[in-house]
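Chain nomenclature is as follows: A, B, C, D, E and F, assigned in order of appearance, with residue numbering initiated at 1 for each chain independently.
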Amino acid sequence: MTSLDPVLLFFILGLTAGLMRADVRLPSAIYELISMLLLLTIGLKGGVELARQPVGSLAFQALAVIAMGAVLPLLAFPVLRHVGRLKRADAASVAAHYGSVSVATYAVATAYFMTREIPFEAHMPFLLAVLEIPAIVVGILLAKGLNRDIRIGQVAHEVFLGKGIVLLIGGLLIGWIAGYEGLASIKPLFFDLFKGVLALFLLEMGLITASQFSSLRQYGPFLLVFGIVMPLVSSVIGMLIGFNLGLSLGGTAMLAILAASASYIAVPAAMRISVPEANPTLSLAASLGVTFPFNVLVGIPLYHTMTEQLFAIARS
Amino acid sequence: MSHVARKLLTIVTESALEKILPEDFKKLGARGFTITEARGQGSRGMRSGTWDENGNIRIEILCDSVTADAIAHHLQTRYYDDYAMVVFISDVMVLRPDKF
Amino acid sequence: MSHVARKLLTIVTESALEKILPEDFKKLGARGFTITEARGQGSRGMRSGTWDENGNIRIEILCDSVTADAIAHHLQTRYYDDYAMVVFISDVMVLRPDKF
Amino acid sequence: MSHVARKLLTIVTESALEKILPEDFKKLGARGFTITEARGQGSRGMRSGTWDENGNIRIEILCDSVTADAIAHHLQTRYYDDYAMVVFISDVMVLRPDKF
Amino acid sequence: MTSLDPVLLFFILGLTAGLMRADVRLPSAIYELISMLLLLTIGLKGGVELARQPVGSLAFQALAVIAMGAVLPLLAFPVLRHVGRLKRADAASVAAHYGSVSVATYAVATAYFMTREIPFEAHMPFLLAVLEIPAIVVGILLAKGLNRDIRIGQVAHEVFLGKGIVLLIGGLLIGWIAGYEGLASIKPLFFDLFKGVLALFLLEMGLITASQFSSLRQYGPFLLVFGIVMPLVSSVIGMLIGFNLGLSLGGTAMLAILAASASYIAVPAAMRISVPEANPTLSLAASLGVTFPFNVLVGIPLYHTMTEQLFAIARS
Amino acid sequence: MTSLDPVLLFFILGLTAGLMRADVRLPSAIYELISMLLLLTIGLKGGVELARQPVGSLAFQALAVIAMGAVLPLLAFPVLRHVGRLKRADAASVAAHYGSVSVATYAVATAYFMTREIPFEAHMPFLLAVLEIPAIVVGILLAKGLNRDIRIGQVAHEVFLGKGIVLLIGGLLIGWIAGYEGLASIKPLFFDLFKGVLALFLLEMGLITASQFSSLRQYGPFLLVFGIVMPLVSSVIGMLIGFNLGLSLGGTAMLAILAASASYIAVPAAMRISVPEANPTLSLAASLGVTFPFNVLVGIPLYHTMTEQLFAIARS
């Protein structure tokens, strides 16, 4: 393992400060701005690359990725229900979190790949956006079945027109229309500041992660184990799907990372409205308190190495 | 000036409900409401508002006694079990009673 | 402890009035006030506070009954027609009555 | 529905006390509290909240009458002299009396 | 017409998101920061250029521009009153909005001219600041006459010491004193990020514009027509004044754009205090819901072309 | 004296706007972000340099500086008590402010030294962090003696885990671990924008300073004189300590500046909790209303010249 990316040092600073109860939180308005900048930048970057490349079998890849987003929670649910002995609604909600994705993890992975100059498919932000959704639908169905009244319009709106998807897809389209030269004038804000903004974001994520530790303790060791084993399993599935879709090494590793990541924004918001009887602190303790730090500190290089080996084997 | 008695219904609950509740209020007869950002602590632990989904809102509704009871009842049956929520009612005097 | 009865006057109105009203309050005898940011809905539509001039403020004034009536009356004659505004009065007990 | 009478204790004071007061409340029997950001003016001058340490907070505590008196008394003896602070108590009806 | 500036793509993204009721608003603290940055940057840029150039007949130009700002609402008022059948206060208020200027429109125009490398007079930000005021005075007089009690001190303070004017003039002075080299150290924030910040600003403007559409519908087609015809007329007046003042092609086009633009910050705030009986949603629906999008999407290139033709005719 | 740094022009703009009661305040969320950025950048810069240099007798310097931070309030206290006739608690509180340091002043000094390319010891941010604390302890002891109940845990937490210290030390460690190349990717945000961010910060500081003037008037001329004489005395002490520690010219001048600066964040917060009977507006009026503007406009170049002369004498 090579030396730690400096943005991860900010994560560790935040984590440490949080554990010592030092008050270095970003104001919520800043946290929101930073999230929006990351989403737009990720979208723009993808769009700019798309403008240069042929898109290929985008629709087919989207379908495969939707299937993955639906299958992952179906795998997680019985484990959570029977091994973890969670209530039905809680199991469904946690499962939905793990079937969906974390933009923060994706951003850290992007930084990781940038540093190592590993290319990956330009339309990844599109797959990222697509992957947010199916797990939410499956989670709701697992919790409620088909027959109960759920605020379907409300939830659909929340899901399809959430900040994450609108800014990712919006950025993608703008990047695609304007192209690399077109974006030159806004590059200083969106591209040059990207890693600095990510560093601030991870400082805050460290604090949030630390604040999850206390609720984690409350729920016993099961969540801890689940929060590490589940992404390991998911990453293998993501990797194999990526490989079979014919993605590049970078793209395959990225799909492994996406599969392994767990949502902590889009899914909690949707679940709170559609499955209110699920305890939101449970899902967040697992997703933010365990899986996010595991993925950014250990998982990303691990899934990358794993994918390299798969490609080495395949090539030989 | 003629002050007329009305009820002030105050609700402290999760920010997530801000998108949903106004419609319920309207159906049950409220003519308006006021919202402020809040944080706090109760039986469901600390809600510090420092990060997106764990903040509270504080909603006030000026209305007649019947509407206040209807809304309080609705909140109790529909949201009390699943959401952090506190509801209380007080007596107030208003100037333009036709408004509420 | 001796609690003494006073009035709590609450006003919900447009942010634009924050620069103007405090002077009026002072002239009419208020010794202080408290303001919180608010948003809401009423007869003049949604005031979502998302953009500069369409937010509300919620003002509270602890005072005696005469002052409360004087301020309420002033607001009614001077601002009710032209501004989004709601005013109500409630009874409270205070500890240091000389302050209000 | 059975509404039961409780007290609503409201405190407006300096933001600096937010880190300290919750512990006091708990010791004196409060089961929860709600905080909103505020600004205002009183005998200790303008507290505009524009810069770190000169903002106010507005704290509400729903509790029984004994607890309300205990907290009000504690605040009076411990903080009144040194901090910008206003305290008042009003009567409210609550739905789940066991909570408060 | 050449391809769309990428900052306008952000405007369209905001507009689309707003129409679909997607919640991608910037926190209000960020919106305020961004406005302040734009105002300071516009001022600084003007000041830096001023330091390099002789100022010329600044006072005379200011007078001409003040006259323009007073005449435009006088033209608009009878139309609003008799054709639009607005109440006196409403007609006066809308007229004041159209006599004054929009900094956002100016910022977009700056970006447009930068891309095309069209120079314009360095003291334009000064004229921009000057133009904010006379229409407000005329609007108040139209609504109230001379005899009514208006909070004159309050309004004067609001008008002359509003954020817009203080930051524009302050930036202008700082740029003028420090000069181009002096500002080198703060260039990365104020100059390099300018278009990125403008992009974020226009994203938000798109959302705000969308939110005006519903009130627009309420007031019928008159406002819609007025919101397009009025800037067309004003732009011609602005262009002719600029031409007769001997401004360059860029400066003349810019004065046309300023004339065509309608205020949505300074004037609403001043009117709310001085003419409270005017309905503020009416003015904003026209200014933000019609004229702003019209100007940035169609008007700016149009007024530019118009001015080119005027100069071509004059030269031949 | 050479021409004014442009960031100081922003301070003067803020001051002027504040005195004219123009409302150009930054939203508090932005003010907080900007403070955090400055603290992190100062830490990072120090850390990066540390990674390049041997640390030397860091512990010994820290001890000397702690002693200085304890002695300065002991000097100030009797003057405040007997000449100024302040109440015991007030005298103790003001004394604590002047024994501690102002990060804003340090940031302006950094900009001053950067422009003149004057090097100073890389671990200055460490001494800055260390210097925040001892004066607070002395101030509490002066006010309360040893026997009274003070919320010792609360205060210690506030002091040692305040935003200032955590971000300074955190930045220092990150810079030290990552080194100059490691930080290349986050340089655009933290280093390139530094002076722009400082300019915005000083705009706000100007407004805050102006708002202190009215309370200043209330307390009569003593505070005004104290607010200028005290930093002059402190700067000489700081300079002599720096010189005897064998610091470079830049480092010695910087220690003089730190000694002369008066806290307005960490100390007020700590005093409000530990010495609540002290009137907070008194300390802020002196520290922000007099000493801060004096130091940034007059003091920094003065202490620098003073130190140059000391070094010239010593060399000859």
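Quick note on the criterion: contacts are C-beta pairs under 8 Å (C-beta built on N, C-alpha and C of every residue); 3 or more make two chains touch, one makes a residue touch a chain.
The structure displayed is predicted, hence computed values, not measured ones.
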- Using the touch definition up top, find the fewest steps from subunit A to subunit E. 1
- Item | Intersection of contact partners for subunit C and subunit E | none
- Message: With contacts counted as defined, which of the two, C-D or A-B, has more C-beta pairs across the interface?
- Response: C-D
- Item | Self-contact between copies subunit A and subunit F, residue sets same or different by half | different
- Task: Report back the single chain whose CA centre is most distant from the CA centre of subunit B.
- Result: F
- Please flag the chain sitting at the greatest distance from subunit D, going by CA centroids. E
- Query: Using CA atom averages as chain centres, what separation in Å is found between subunit B and subunit E?
  - Reply: 41
- Chain centre separation (subunit B, subunit C; CA means) in Å: 19
- For the pair subunit D and subunit F, the C-alpha centroid-to-centroid distance in angstrom is 35
- Touching two or more other chains in subunit E are residues 27-30, 32, 188
- Where in subunit C do residues touch two or more other chains at once? 36-37, 90-91
- Item | Pairs of chains found to touch, sorted by chain label | A-B, A-E, A-F, B-C, B-D, C-D, C-E, D-F, E-F
- Item | Residues of subunit F defined as touching subunit E within the complex | 3-4, 6-7, 9-10, 13, 16-17, 20-24, 26-30, 111, 114-115, 188, 192-193, 195-197, 199-200
- subunit D contact footprint on subunit B (complex, rising order): 10, 12, 36-43, 56, 58, 69, 72-73, 76, 80, 86-91
- Message: Per the contact definition, I'd like the list of subunit E residues that touch subunit F in the complex.
- Response: 27-30, 32-33, 36, 157, 161-163, 166-167, 170, 173-174, 177-178, 182-183, 185-190
- For subunit D, which residues count as touching subunit B in their complex? 1, 3, 6, 8, 22, 31-37, 62, 90-96, 99
- Item | List of subunit D residues in touch with subunit F within their complex | 14, 16, 19-20, 45, 49-53, 55, 79, 81-83
